[in-house]
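Have a look at the structure below before the remarks.
Read from first to last, the chains carry the letters A, B, C and D; within each, the first residue is number 1.
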Amino acid sequence: MGTIQKNNIIETLKDSQKAFWLILFVIDIIFIFLCLQGILNEYFAHVLVVINIYLILSISLNLVMGFTGLLNLSHIALFGVGAYTSALMIMNGYSYLLSLLLAMLLPGVFAVLLMFATRKLKSDYLMLVTFGFSFLLYSIFISWTSLTRGPLGLNNIPKISFFDFTIYSTNQFLVFSTIMAIVSIIIIYNITKSSFGRLLQAVRDDEISLKLLGKNIELIKFKAMFISGLFAGLAGSLFAHYSQYIEPNSFWIVDLIFLLTVLIVGGLASNRGAVFGVIIIMILNESLRLLPIPSEILGPTRQIIYALILILILLYRPKGIFGRIDLK
Amino acid sequence: MTLLKIHNLKKSFGGVKALNGCNFNIEKNKITALIGPNGCGKSTLFNVINKLEYQESGTITFLNYNISKIRPYLVSELGISRTFQYPTLFENLTIRDHIEMAMFNDDQKFFKSFFIKLFGLKKNNDKKIIEILNLVGLEKPLNTLGSDLSYGQRKLLDLAIAIAHPHKLIMLDEPVAGINPKLRQKIKEILIKLKEMGETIIVIEHDMNFIMDIADHVYVMESGQNLVEGKPKEIQNNKKVLEAYLGE
Amino acid sequence: MQLLFNSVVAGSIYALVAIGFSLIFQTNRFMHFAHGSAVVFSAYIAFHFFSLSNSLLIAIIATLILSSILGYLMHLLIYYPLQKKKSSSVILLIASFGILFLIDNGLLLYFGSGIKNINYFGPLRGMEFFGALITKPQLIIVLSSLLCLIFIYLLMTKTKLGRNLRAVADNNDLANIMGIESKKYMALSFIIGSVLASVAGVLIALEQTLSINMGTTYMIKGFTGAIIGGVNSVPASILGSYIVGLAENFGVWFLPSQFKEAISFILLFLFLLYKPNGLFGIDKSSRK
Amino acid sequence: MKKNNIFNKRLILIMAFVLLAGLFISGCSNNQAELSELSDADRASLVDGDNSDKGQGALNREIIFQIGAIQPLTGDGAAYGLPVQRVIDQAVLDLNAKWKEDGKKLQLKIYHEDGKCNGKEARTAAENLVNQKGVNIIYGGMCSGETLGIAPFTEENNVLLFSPLSSSPDITNSGDYVFRNYPSDTAQVATMIPFIVSKGVKTIAILSENTDYAQVLRAGYLKQLPELGVKIVADEIILSSAKDVRTEILKMKSAEPDAVILLPQTIPMTGVFAKQLYESNFDADTLFFSNEIVGLDQAVNEFGDFMKGYFTPEVAFLKENNEFSSKVIADTECDLGYYCASTYDGIFLLGDVLELCGDSDTDCLKKEFDALENWQGIMTTSTTFDENGDVAGDFVISQIIAGTKLRVN
């Protein structure tokens, strides 16, 4: 008797996607409330803000990689473009809204140009080109010293302020970034569930027969990349103004691996997967700090544990927690 | 009135001349059959019409548009829909998705489809979908995924998609290959019903008696060229056809 | 002239890494990113054994053995189970990142981050050679890498083993049907790839100081070389690597030097767009 | 059945997640409890027991000061981070021993965190240290990127940030709670330029590594040398991952400079530069000036014979041949030269200031730091902080001949 009851409660939890989002939303609100009341200290607020920023990144990458099947490894570089554009614009006196707009548009345009250049390539080669593009942007970040001050990075980036209201403390930024994250989830969730979203999945499954239904494949891909570029820019701008210091090496390999891990662990082609992936990997990273490791071997051992966990997940749960598809 | 006119079409892959100057006139509201030994260029002809592959020379005119050099999706927008010998469906999408995507083309407009979803204005066109599925005789719940269909059911869904897509001409690539006789008979009835509804159909098929029953006009091809054309009965006992088909 | 020679030296090291990368890419169809750390691993092993035994020979032999074991283990423990589950190239790529982390941090733990330098040759002035300055280690690099390239080329083309390897690379399932046990050959490609990486590692250890993070740099250079040449054929990736060496050194001569890395990547970018099969690569349906 | 077991698997995963989150939250909350109890007791004892030797015995319980240390333990910066970590641990042991010897019931506890030479990671590490472990002093940011990443956060929460290593000029104005006992690079350039000009150098080539420390020096030389009539004939920047700089050296050689300034940041790069410069047969009378090489002694005995005749500046106040400092450097295998000394003494400097202010009142700490007047360290001579937290320091130049250093000015 017990199991049947347990099953149908959880059955509703599992089946209706809405339940997942509802529970997540409730937990999120509780955490924010605790932070604002100061019960949980600023460290939690910081972790939540970072989760929000990377969440926007991961669902936008999932839109392109999971739903449309485009193996795009340039997302982290677009994130960097957004950060640098937003920081440089604000430091040269433009208003925040204008610089946010440009910080979103520029990566979008870059994404479309990249897609235009690689429209004929198959998935493996697309992966190589986008990986090359990331390295190209990284070497521009680090070598174009006159614009980005190269390895010195940009510091003292002013905080976000619009209509003479500045977001000062971490808690305020937490609320702002959570709103941004929720809005992004709503938008991308609706895109994937709309008929356009269905088209994206069709592009992933079988381009040729989609062409024969009179759909302009290339235009669809451009739109998908543009949208994901926009959100990468948004995340970049939030990151720049939150940490007030950006440097080239936070937009390269280490973060690229983090993003890919999040998507694979969370599960491709499912928004729940992308969101859940970010939360679980961030908590994994932070809880590694609690492990009592003797200080002299602290650093490398944490990395080794992280790598081992990553490989184990790949071996035993390649589809990820919520994943529905396996990328061919 | 000729719907589709193909004149002196040439297409070769490396040294192999798949199409070597062949000509066809497809009459409106008729079933035209295309037969020939394997590798005589039948499927290549379809691919060239659909612009999945581009021809070297020769012209294709459809409803007096010259569609020799246009993009694949424009061909299908003009109203040519097609099925495949081995249908590849969208594995993770439902039957309803397949048909809806075939029927409407406005899902490409991002903002329109986004706001429809946002405000839940999506009209329910299941009725029309079921109508087409019944026409094709595919009784499966609308939310079954592409991956859960058998070979025969995939063939029927492929046919349903071709019908659902707004079209003036349907090109069928071996619709009954590997299909059990009962289903084969059903497909025959479907094609005849479609012809009565004013459709124009081109069929590629090996099963001679299937062709004989339904075709109004038959083209026989061999190594990329027209061999002979005419009524099914004339073709049946034509010497050259027997030699090309059975003689080897 | 000196420019040319510098490029050849750089190119030969990139070539060793590039062949390993392209061999593994062909047979296993994914970007084996941890290949760079195989180079670093063998460089440190060479240093370790050299400082123990003080004889280069023992160091080289030990490195070759250990790196082939590393290559085999990587395949057996991680890649093969994944491939058996038909996981996609993205998952294999992330697994290779995981291995990269493991090896780099393992070395960091074991060797610490101090300065490692095999001072085998001691200080010596560049020797005049057709107006170009060459030092002994450089000469050794060029000669030994040419030796390896020829050996590999012969192995691939002339021997039965090479033929099977290429068969598996070309069409894995078909090879299986024809009785070639693809698992053995995939493992073999890892072993050969790692041995080549270890040769590169030893040469680097001879000539330069060692640091943990140079693995990624050599990986990217080898990767660029393999792509430009043509990732589908071993001789092509050799030539591709030399082209990378040339492009970098000549590029630096004309452009400000901090764009050196960017030059090799602009090259890669252009090649991937307009000649994804590389200059000499055979068409492996990179285009739809 | 199939549907059910996929579902069970997912259920287990969600349970695991809840468990992990629980661990994460519980792990943090108990630190907090222990922290709050410490700070009031600590304040009480300090008010009366103000560093008189035995204290009025009001509280014979030992007071534990907590500080956090952030340095790169993995990735590119590990070449600094790991030796620095060893020196810090050694310094904390020696300080605690000294306190026990003097009968003071004080103890210093240190938490290490990995900053990965990256602003974002350092910021998260700092948040963890300050908020979870209740630390009010952060000793670190060894890479400038780390310090700059932490500075906005520590400024807001007025946490004292004391870095013995990061040299970038941006740090000077990054906040008034930020101190560093490594002289900013402008001092080094100011000492070297008159010396270079005095050598009658007319044309000069600069070979620099593309890192914050080296680029700042290069910018200094590029700005000031032309004003004194020294023409810059070649200016090559090398990415820190490059191993082959022969072409850049060839480019410099073809410009026939009278002298070469080489600005490596790490010892491996020093080796690359020195070796390949040596192999490129520059004509005998070309002079070589280098920057303050991190770990000069290690570099000298490793690449000494390649660095014949190099003029290298060194931080003046390194106590000469003091067998104690050489013992420390030997024990901790610290190959960072002056950095080992500044890190080691930094702990002792913190110890002295902590005795006065305790580890929770950062304003008092800031006041004490400013008030310091040429504080005598064990390995460094005198340290005084100027108004924006930097240390005024002059450099002494020595030449490397036959593998040993000879003072020149």
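The rule is short, and it goes like this: a contact is a pair of C-beta atoms (placed from the backbone, for glycine too) under 8 Å apart; a residue touches a chain by one contact, two chains touch by 3 or more.
The structure presented is a predicted model; accordingly, all values stated were derived computationally and were not measured.
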Shared chain contacts [chain A and chain B, defined touch]: none
Co-neighbours of chain D and chain C - touch as defined: A
Nearest-to-centre chain - CA centroid comparison: A
Most widely separated chain from chain C, with each centre as the mean of CA atoms: B
Between chain C and chain B, distance of the C-alpha-averaged centres to the nearest whole Å: 50
Cα-centroid distance, chain A relative to chain D, in whole angstrom: 33
Whole-Å separation of chain centres (CA-atom averages), chain B against chain D: 73
Contacts with 2+ other chains: residues of chain B: none
Multi-partner residues of chain A (each touching 2 or more other chains): 142-143, 145, 150, 299-300, 303
Junction residues of chain C - those touching two or more other chains: 105, 108, 216, 258, 261
Chains grouped in pairs wherever the two touch, ordered by label: A-B, A-C, A-D, C-D
Chain C - residues contacting chain D, complex: 2-3, 6, 9-10, 105, 108, 112-115, 117, 119, 122-126, 133, 135, 204, 208-214, 216-217, 248-249, 252-253, 256-258, 260-261
Residue ranges of chain D touching chain A (in the complex, touch as defined): 7, 10-11, 13, 17, 20-21, 23-24, 27-28, 32, 72-76, 78, 81-82, 85-86, 89, 110, 112-114, 116-120, 123-124, 127-128, 130-132, 144-145, 148-149, 151-152, 156-157, 168, 170, 174, 210-212, 215-216, 237, 239
Sites on chain A touched by chain B in the complex: 190-191, 193-199, 201-202, 204-206, 208-217, 219-220, 223, 227, 269, 324-325
Chain A residues within the chain C interface of the complex: 65, 71, 117-118, 120-125, 127-129, 131-133, 135-136, 139-140, 142-143, 145, 150, 207, 253, 257, 260-261, 264, 297, 299-301, 303-304, 306-308, 310-311, 314-315, 318, 326-328
Partner chain C, residues of chain D touching it in the complex: 74-76, 78-79, 81-83, 210, 235-239, 241-244, 246-248, 250-251, 266-268, 271-272, 275, 278-281, 298, 302-303, 305-306, 333, 335
